[in-house]
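Here come two complexes built around chain A, the first alongside chain B, the second alongside chain C.
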Partner chain A sequence: MSFDWIAFFEYLPRLIRASGVTLQVSLLSLGLACVLAPILALSRLLGPTLLRSAVQAFIELIRGLPPLVVIAFCYFALPKLGLVLSGFWCGVLALGVVGAVYAAEIIRSAIESLGKGQLEAALALGFARWQAVLDILLPQALRRILPPLTNEFANLIKASSLLSVISVHEISQVGQSLIFETFVVIEILVQMAILYLIIIGTVTFISRRLEKGLSS
Partner chain B sequence: MDPFYMAQVLVRLLPPLGLTMLLSLTALVIATPLGLVLGAWRAELSDQQPAARLIDTWVLIVRGTPILIQIFVFYFILPKLGLQTPLFVMGVGALVLNSAGYQIEIGRAAVQSVAKGQWEAALALGFDRRASLLQFILPQAARRMVGPVMNELSQLIKASSVLSVITLFELHKAAEAISSANLRFSEVIVVEGILYFVFIFGISLIARVFERRLSSAGGLADAGSFAR
Partner chain C sequence: MTLLAANNLFKRFGSFTALDGVDLDLDRGERLVICGPSGSGKSTLIRCINRLEEPDSGTITIEGLPATDLQSLRRRVGMVFQQFNLFPNLTARENVAIGPRKLLGLSRAEADARAEALLDRVQLAGHADKLPSRLSGGQQQRVAIARALAMEPVLMLFDEPTSALDPEMIREVLDVMVELGEGGMSMIVVTHEMGFARRAADRICFMDQGRIVAMAPPQQFFEAPPHPRLVRFLENILGH
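After this line comes the complex of A and B, so read on.
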């Protein structure tokens, strides 16, 4: 069992192209998550009671499911409800919703970690509840939100590997079919691991820098 | 949605659910002592020592690649080495490799989070470093590990669903097989989702209670993560 460098470089271009798809899917679902998460978090903090419990139930539901089940639901069950999406957009939707739910929890716990005093002070000064949350609490919470949020991005990238089961041509799917086509196992697995390490490592590095920059 | 059919599916999904629980629990039982001990040890090592480098590399690779790739390593490489391994062992192996990597961080963070004064007090009382760690620091750190380790079980249940890709017949694979055999996807996914939800949500509720009772206040509550 020796490492075949010729095979390594022969298949590398295909996997590099596939990592473009991984990046696209992850970035698009990050975008969706960034739109949905504040809506979820704020309606859980500020909404009327009924909306608040509905949003909380939705968040707990998604957190209690493996992402693979959410992906399968979007791919197999949504068409029955009349929403037919390609594998790619189905993946963006599933990962976006899952990412949004976790990000909403980060936003909520960051706001709650500020302590009651901030909210009480703002209310005593005559701010309305929504003004207090948006203008007083949220800006303070932001420095506690950003670092874990970049970490969530790394999780989104890892989760995008699951989209191989609905045949999105990202790193894992392309690598897997290359392995079955060529029986070159180790070289291709090493490439897949390295590509993920580079992408996720970069994101984690940025996250650490952000954490240091914001805490100082 | 046909309730009668869903009840049938539920009954058929119970044995695979048992396999999911068995996989996750076995992995937890092996990975927890391994990860926590290595983590506590790592907290005591300086960055340059070879053992520290080795542990850091493990953590880096496990956290820097999707669990799917780690599962592929077991699935494709073990047979190449000439080892006939049952799927269950491969699955547990991948979960242990992964979970221990995350639990090293739990153990290390817990030890490092014990206030410096505790170390200083123990050393001032004449205990050596080893005795201080074992008798003063670890008991305090252990309280902070309980919540995250319980959470780890629900993370493992979620992660075990990925073992469906190597045709290990756990809950997700079984649901997939039933739904594609009968071409009725929605009902099966709903039943599967309910089963996963009950266990994962239940366990994370218990973990939250432990976390609130045992760890001293402060810091962000761990929101968990969705992908490994």
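After this line comes the complex of A and C, so read on.
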């Protein structure tokens, strides 16, 4: 079997365009996750009992479902509830919520792993609970949050490949249709792999730099 | 003049009774030492005073006022923990300054100045820029004392402040506490350091099974222990 360089370069532009879509979906859902996750984590830590249980139930629910089911729910069920979104925005919503839920658990467990002593020391000084969490605990937890969060974001990018099922023209969807159209398999798979690696590698690189910045 | 009045405190954890009807008064400027076997409710008692634990029943007033607002109560009551509980990501100066800055509205410069003065007072003038991990246990505990003092409390609580320390560092922490008491600070100190109790306490109380079973000035406490269980406790702890 020989590697067909001509086919490789012929289909590359289409996949590069598709990786733009992957990148957009990933960054937008990552942004959504970054906004939602602290809200979920802090309501679970600080909210009144009812809110706390509701948020916990929501987190457990989403974590218990395969992301594909969440995506399908957004695409097929939300319109019945009156919310019609394009495949692209469905993907952003579904992946954003899934990412947020995992990130919220990372934030919460990092804060809880600091131990009771830190919280009590802050409370004993006269900090209110929310103030203690924001001013004292969160800054300490940040170092423990970032590494697993980077992993989660890499997972989010990989999960964007699932959006092929709702016809979002991201890398996997475009790659698959190219393969079925052309029967050029290996070359296209290699392109897909390289593009994913570049995107995920970039995100990982940026957050490693952030980690370094934090620990110095 | 009475600073603290606790009446008939009860606290249960599940079916276990940690405080079984405790009454405790403290005058302004008074130094009280609490001792007693492990599990007798000493920590629970002082944690009820600043409401890190909520008593099941009973009343606590400080300066004649019941605690209506937890935060302002805790600002008036300083607490020093056995495990220091310094904020590990902050320098000694920042540990001391963060309370006044975030809670009392001091500017960074004012809070830092207050922190420097307090670190100086606990003999740590040269250590302001160090993180807790670069300080010895004794130094960390003195930073913790300075951190509590920075809120200008009317009462200081100490929960076995030297129990986690190597023997050679106990002295430096106790010296700071003695000086604090001599300066007029009202203090409640849970400790088994009987030398400190003899030197610095106005009264010593002995707790057992959630109750205060004996309370006396040091001289009487040691020479004529007013309770048989206290006699046994002292024999154990003084090692004869």
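The criterion applied here is as follows: the second predicted complex is superposed on the first by the 204 of 216 C-alpha atoms of A that agree within 3 Å, B and C clash if a C-alpha of one lies under 4 Å from a C-alpha of the other, contacts with A are read in each partner's own complex, and residues count from 1 in each chain.
Keep this in mind: a residue touches a chain if its C-beta (ideal position, glycine included) is under 8 Å from a C-beta of that chain, and two chains touch if they have at least 3 such contacts.
Small disclaimer: the values here were computed from a predicted structure and weren't measured.
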item	value
Superposition on chain A - do chain B and chain C clash or fit	fit
Touching partner for A:Leu83 - first (chain B), second (chain C), both, neither	neither
Partner chain in contact with A:Leu65 - chain B first, chain C second, else both or neither	first
First, second, both or neither for A:Ile136, with chain B first and chain C second	second
Touched partner set for A:Ser113, first chain B, second chain C, both or neither	first
Partner chain in contact with A:Gly201 - chain B first, chain C second, else both or neither	first
Which of chain B and chain C A:Val35 touches, first, second, both or neither	neither
Contacts of A:Ala57 with chain B and chain C, given as first, second, both or neither	neither
Which partner reaches more residues of chain A (counting touched residues only), chain B or chain C	B
Least C-alpha distance (whole Å) that remains between chain C and chain B when both complexes are overlaid	16
Contacts on chain A seen with chain B and repeated with chain C across the two complexes	none
Touching residues on chain A, where the partner in the complex is chain C	117-118, 120-128, 131, 135-136, 139-140
List of chain A residues in touch with chain B within their complex	1, 60-61, 63-69, 72-73, 76-77, 80, 98-99, 101-102, 105-106, 109-110, 113, 144, 148, 151-152, 155-162, 164-165, 172, 175-176, 179, 185-186, 189, 192-193, 196-197, 200-201, 204
Chain B - residues contacting chain A, complex	60-61, 63-69, 72-73, 76-77, 80-81, 154, 157-159, 161-162, 164-165, 172, 175-176, 179, 185-186, 189-190, 192-193, 196-197, 200-201, 204, 219-221, 223-228
Complex contact set, residues of chain C against chain A	50, 52, 70-72, 74-75, 77-79, 81, 83, 85-89, 98-99, 102-103, 147-148, 151
